[in-house]
Amino acid sequence: MTISSVFREIIRSSLISLWFVFLTFPLMVIKVNPIERVVHWRWGNMLYVAVTSFVLSLFFREVVRRRKLRETRPEEENRAGIALSIRRIFDEPGKRNMLTGIVFCFSLVFPFVFSSYQTTIMTTALMYVVLGLGLNIVVGMAGLLDLGYVAFYAVGAYTYALLNHHFHLGFWTVLPIGGLVAALFGFLLGFPVLRLRGDYLAIVTLGFGEIIRLILENWGKFSQGPSGIANISRPGFFGIHLSLDSAIVYMYYLMIVFVLATIFIVSRLQNSRLGRAWIALREDETACQVMGIDKRKTKLTAFALGAFWAGIIGVVFASKTTFINPASFTFLESAIILSIVVLGGMGSIIGVIMGAFILILMPEYLRPLSQYRMFAFGLILVLMMVFRPQGLIANVRSAYHFEKTKRTFHA
Amino acid sequence: MNKYLLKINNLSIDFGGIRALNRLSFDIRQAEIAALIGPNGAGKTTLFNCLTGIYAFSEGDILLFPPESEKGISLKGMKPNQITEKGLARTFQNIRLFSRMTVLENVMIGRHCRTRAYILGALFRNAATRKEERETVDKSYALLEKMGLAEYVNEPAGNLPYGAQRRLEIARALATDPFLLLLDEPAAGMNPQETSDIIDLIREIASDGLSILLIEHDMKLVMSLSDRIFVIDYGRKIAEGDPAEIRSNPAVIKAYLGA
Amino acid sequence: MNYFIELFFSGLTRGAIYALIALGYTMVYGIIGLINFAHGEIYMIGAFTSFVVASVLSIYGFPLIAIVIMTGFAAAVWAGAYGYTIEKLAYKPLRHAPRLSPLISAIGMSILLQNYVLLAQTSDFLPFPKLIPDFPFMERYADVLGSSDLVILLTTTAVMILLTFLIKYTRIGKAMRATAQDTTMAMLVGINVNRIISITFVIGSALAAIGGLLIASHIGQINFYIGFIAGIKAFTAAVLGGIGSIPGAVLGSLVLGLTESFATGYVSSDYEDVFAFSLLVLILIFKPSGLLGKAVIKKV
C-alpha cells in the first residue's frame, strides 16, 4: 500500500465514523428521564462510537480489500487461517483420533474436576449441541429455513411436563413420546407449508412458533398459562433417589450419551441416500425433482426428524429445570439455535458442535459481557453471512476412492 | 414401424393469455433420435417442461409407453419425480447441477429413484442397504467413466469446466435408467471440436437402445444425428420429417428466415 | 351500533399504521425480492428517536406545534439513515448470494438493532409525550373516534397520496418501477440501480418512522420490543395484499386492522396476536400471491 492510499483509507474511515456518530446520536448520546424531566447528554458515548466505528471500518475495509486480492488469484482461494488448520486436524486420521480421545476423556472427568455449577452450564451447552445438530438437518442439509424450531422444543417440554403433572409418567417413558409428538407437529405443519418458497417458509414457521407460544401463554386451563408448570420430576435412575448434586452429574452424562447418539445418527444420515437427497434439494429444487426425488416426502422427513430432536431435548430441558413456562420458548431461542448452525457452518457436524460451545459458553464465562449476548448473536448472523457464509468449518462432502481395475469404496 | 414411446396429442398450454404451445401433436418411437428445432421462443423448452411435469398443461394429453406396458400412461397431473420414475429423464438448457456436491454424488442422486433405503437403512446400514449403496456407487462410477469424467470423481460439480458440466448432466440423467432421454441444447456454448465430441457421445448412448429427443440450434448436430426432426414455431408444429425433407421444406425455411 | 363503529374506526387506525410499515416491506420486496426482516426495528427506532427528540424539545420548553414538526422530521431523517446504512452493510454485499443468506442477515440485523436500543436506552417501557391534543371539535365523536385516530387517518392518507404521486409521476418513481420489473434491463437503460435501492430503503424507513411516531403518541408508551410484533403484522398485511404491490399493502393493512379489531372486540382479546399469525399462515398456504399480487411462473 502506498502512502496516498493509506491516507485515502484514513479519510474514508473518518467519514464513515462521522456517519455513525450522526446515526447513533439520538439514541447513544441523549438519554431522557421522562419522570423527572431531565436530559442526560452522554458525550462519552459519542467518542466511543467514533473510535470504534473508525477502527472497525479500517479493519473491515482491509478484509474486503484482501479478499478481492485473493479472488484475483484463484489458486489460493479461501485457504485462510484458523478454519483450515482445524480442518487439517480433522483430515488426518491420527491427529483426529488423538483429539477425539482427549475431548472424550475430558468430557468424562469433567463433573469430577469442576463444580456442579460448571457441570450445569456444560449440560446446557450439550443440549444446544443436540438442538443445533437437529436444526442442522433442516436448515443445513435440507436448506429449509425453520424460524419456529423452538415450537417443537416447547412441544417436547410441555408433553413431558403435562404427562408428568397429570399422570406421573416418568422421564424415560415420555422421552420417546415427547420426540414423537414433536415430530407429529412437524409433520402436520410441514404438510401444508413445505411447498412454499424458502423465505415464505421461514416466515410461516416463525408465525407457527409464535402461535404455539401464545397458546401456551393464554390457554391457562391446558398449560397453566404464564405461571408455568413446576415440580416436574427429574430423570429416574433405576428407581434410586438421587441427591441434587448427583442428579446434576447424572444429567450431564445423559447429555453426553445423547450428543454421541446424535452425532452418530446425523453423520450416518449425511452419507446416505436420504442425506444426499436433502443436500440436492437445498442446491436446486427443480433439478432435484426432475432427477426423481419426491420433494414433499424428502422435505417432510427432514422437518419431522428435526422436530423429533427438538422434542427430545424439550423433554430433557423440562426434567433438568423441573419448571417450565412459555417465556423459555420465544423467537429469540430459535434465533440462538439458528446462530449456532450458521456460525458453525451449515451442514457441518463439527462446526455446529463448536458453534454451540462458543455461543453458549462464552456468555456464561464472560459474565460482565453477558448483557451484550443477544447483540453479539445478531452481529454474528450478519457478519457470517457477509464474510463467511460457509461457517467456521465448511462442510466437505466425503470422498470415494476408486482403483482402475478393482473398485473399492468407503464413505 | 417401431413401438411408440411417447405420444403427444393436441397439447396446449397458456401463460396469462399467451398460448405457448398450441395443439401440438407428435410421437417418438423406439430406438430413434428425434430432434426438436424452431426459432427462439417457439416453445421448445416449454414442451420439455410439460413432458417432465414442471408445467401443468391445460389441454391435450401426453402418453408415455414404458417398455413393459402396452397401453400408454397419461402424464397429466403427474409430478416430475413420478415421470422420472417411469423412465423419462432430461438435462437442462442452463446447466443445473448440484454444484456443492461432488461429481460422483450428482450421479448418485440420479440413482435415487431406483433405490429404496430410507431412515432406518441409513441408521442401521444393514446388508441390503450396504449392497444397494455399493451398487449405486459402482453404477455411478461406471457412468462417469463412460462420459470421460472419472478424473473428477470427488471434485465439487460446480468446479468443473463447462463441457464437463454438460456431460455430467447427461450422466446424471442416465443414472435414472431412462428409456427416453430429453437433451435440452446439449451443444450450447461449445466449440466445433466439443460439438463433434458430443455428437459421438450421443451416438454411443443411443447405440445402447436408448431413444433420445433433443432440442438444438446447431444444425450440424441436428442433421447428422436425427432420424426424425420436428419443427415448431409459435407453439405449433410446422413440419416433420427426416433431415433431407426438413432441409427442403418451404415452411421451415420461411420460419427460419422470417420471410 | 356505537360499539361497532368504534371497533371499525379503531381497526381503520390500526390498519393505517400497518400500512405505513407494510409499504416499506412491499417496496423493498418489489425491488430486490428480500423480506427485510429488520424493517420492524426501523419502526421501533423511529418511535425511539421521536421519543428522545420530543422529550428533549418539551423539556426545553418548545411550543407543541414546533415539537410535532421537528419530531416528525427527525424521526424520518434518522430512520431513513438507518435504513440506508443497514442496506449498505447487511444486504448489498449479499446481492448475488443464495436466497436465504440475506434473509438470515436481516434476522441478525433485527436482533442486533433491538439489542442496540435496549443497551443504548432501556429495557423498560417509556411513557411517550402526548403530541396530539384533544381537539374541541372532536368532543362530540369522542366515544367512537379519538383525536389521535383522526390525525393518524389523515396523516396516513396524505402520505399515501404523496407516495402515489412520487411513484407514478416523478423520475425516481419511474426508475423504481423499472428496477422492480427488471433490474438488469433497468441497469442497461442507464438507471443507477444501487441508488434506487438505497432510495427505496430510505423512503420505506421514513414511512415506518412516521408510523412509529404516530402509534407511540397514540398508545403513549414504547419499548425496544415493539418492532418485532408490529413488523410481523405489517409483513402479514403486505403478504395479504400481495407482496410487491403498493395498493395491495394498503388494502391488506386495512383488512388486517379491521379483522383484528373486530376479532378482539367480539371474540377475545387474549388471542389478538394469534389472529394475525394464523391469518399469515393461512394466506401463505392458500393464496401466497395475496389479494392483488400476481402469481409467478418459474423459469427453468
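Per-chain residue numbering starts at 1, and chain names A, B and C are given in the order in which the chains are listed.
The criterion applied here is as follows: a contact is a pair of C-beta atoms (placed from the backbone, for glycine too) under 8 Å apart; a residue touches a chain by one contact, two chains touch by 3 or more.
Since the structure is predicted, the reported quantities are computational estimates derived from the model, not experimental observations.
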Nearest-to-centre chain - CA centroid comparison: A
Which chain is most remote from subunit A in terms of Cα centres? B
Geometric centre distance via CA averages, subunit C-subunit B, whole Å: 48
Per the C-alpha means, the centres of subunit A and subunit C lie apart by a whole-Å value of 30
Provide the C-alpha centroid distance between subunit A and subunit B, rounded to the nearest whole angstrom. 41
Which residues of subunit A are in contact with two or more other chains? 286
Numbers and ranges of subunit B residues touching at least 2 other chains: 54, 92
Which subunit C residues reach two or more other chains? 298, 300
Within the complex, subunit A is touched by subunit B residues 52-54, 79-81, 84-85, 89-90, 92, 96-102, 104-105, 108-110, 112-115, 117-119, 121-123, 125, 132-134, 136-138, 141, 150, 153-154, 156, 172-173, 176
List of subunit C residues in touch with subunit A within their complex: 34-35, 45, 48-49, 51-53, 55-56, 59, 74, 78, 81-82, 85, 89-90, 93-94, 97-105, 107-121, 126-127, 129, 228, 232, 235, 239, 270-271, 273-274, 277-278, 280-281, 284-285, 288, 298, 300
Show me the residue ranges of subunit A that touch subunit C in the complex, using the header's touch definition. 19, 22-24, 26-28, 30-32, 34-35, 37-39, 45, 143, 145, 147, 192-193, 196-200, 202-204, 206-208, 210-211, 214-215, 218, 286, 331-332, 335, 338-339, 342, 371-372, 374-375, 377-383, 385-386, 389
Of all residues in subunit A, which touch subunit B in the complex? 265, 268-269, 272-277, 279-280, 283-284, 286-295, 301, 305, 397, 399-400, 402, 407, 409, 411
